[in-house]
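Here it is: the structure, laid out below.
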Amino acid sequence: MKEYIVKTSSRTEMIDIGHLVEDAVRYSGVENGVCTVFVPHTTAAVTINENADPSVRRDLMMELNKIVPYTDNYAHREGNSAAHIKSTLVGCSLSVIVQSGKLQMGTWQSVFLCEFDGPRSRKVWVYIGAGG
Amino acid sequence: MKEYIVKTSSRTEMIDIGHLVEDAVRYSGVENGVCTVFVPHTTAAVTINENADPSVRRDLMMELNKIVPYTDNYAHREGNSAAHIKSTLVGCSLSVIVQSGKLQMGTWQSVFLCEFDGPRSRKVWVYIGAGG
Amino acid sequence: MKEYIVKTSSRTEMIDIGHLVEDAVRYSGVENGVCTVFVPHTTAAVTINENADPSVRRDLMMELNKIVPYTDNYAHREGNSAAHIKSTLVGCSLSVIVQSGKLQMGTWQSVFLCEFDGPRSRKVWVYIGAGG
């Protein structure tokens, strides 16, 4: 397992971490298997989406903030319930297939860390299991 | 890894691909492990839900279209931001346990490709890793 | 694969099953690999979130019930379409990295079964694949 530290700079934001995941695949030396990306946080998430037009990310964050408003008579005293809810909706783990030592993704896909309660320093864990 | 091509016929739709995933499991010859289903697209997704009553799928698509409206002052010029957002909410990868050469799912479960920006031709990638 | 039975007591609820997942990891004897948690139901889900303050869970269920209302002119006759939709939004499978025989999670994270159509008796399947 390899750990990467990612610093976020806004309250909600998507950061392209595709190069980190590819680095972990190379480092592992695994030819065929599955890459697990995991964020050990409860107010962040990991997703795959388009990395070509940055407006896709902005639209995604804008709409998620509408679907789950920052304030809504939440009981949790820390004031970040919206971030916890978005974390569960998007998810904190991902599986990507590895073949011939390369991460198998679509032309427009990349892996993104989703920050929902920033700015903070976040950990991303990547593990590549050889699949036999 | 096995690739399947699925043709969709509507703007948003769920297509049962359970038989394709089962085909990949048989083809792999793996007895015990994990099956990863991955859609290499940013305006589609993959999920597991009920395959008995087709109205479940229609309700699911109807409600997702309410939660994430087609138009909402999105910045992305291609006009398919809603599809990108739904792709992240549902997710593009899935893990299913394989035991004794069989996909382990509940009685009412099947795997579905979710089309959010169709009609199109979509790819589905399935990999079965032997889990030792 | 190990199967656990979890009894739920409300219509919607999150139940901490972290100890069951840890039990499965110990039982497997796997040192390094990936743990797959899978719920074989179409009106339940599995997620990772905070286990410290129970109000996080209550806020999460409250907000999900707002995003996906119980009644909304759904076509599915069984009356539990909202539960099916929430199951797809949260997801029925999860992957967690295992290192040195231990589940790798963040300080505040635990695994939760999400009940969306209870009370019922639910199955949770856990499989740990050795990752080479």
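Labels for the chains are A, B and C, by order of writing; each one numbers its residues from 1.
The definition used in the following text is that a contact is a pair of C-beta atoms (placed from the backbone, for glycine too) under 8 Å apart; a residue touches a chain by one contact, two chains touch by 3 or more.
Fair warning: this is a prediction, and the values are worked out from it, not measured in the lab.
Taking shared numbers over all numbers used, the subunit A to subunit C interface scores under half, which places it in the different class. Subunit A and subunit B carry the same sequence, and matching their CA atoms takes a turn of 120 degrees, rounded to a multiple of 5.
Averaged Cα coordinates give subunit A a centre that lies 19 Å from the centre of subunit C.
The residues of subunit B that reach two or more other chains are 33-34, 67, 89, 91, 94-95, 129-130, 132, listed in rising order. Remark: subunit C residues 1, 30, 33-34, 36, 38-42, 67-68, 72, 74-78, 81-82, 84-85, 87-89, 91-95, 123, 125, 127-130, 132 touch subunit B in the complex. Against subunit A, the residues of subunit C that register as touching in their complex are 33-34, 47-50, 53, 55-56, 58-60, 62-64, 66-67, 89-91, 94-97, 99, 104-109, 129-132.
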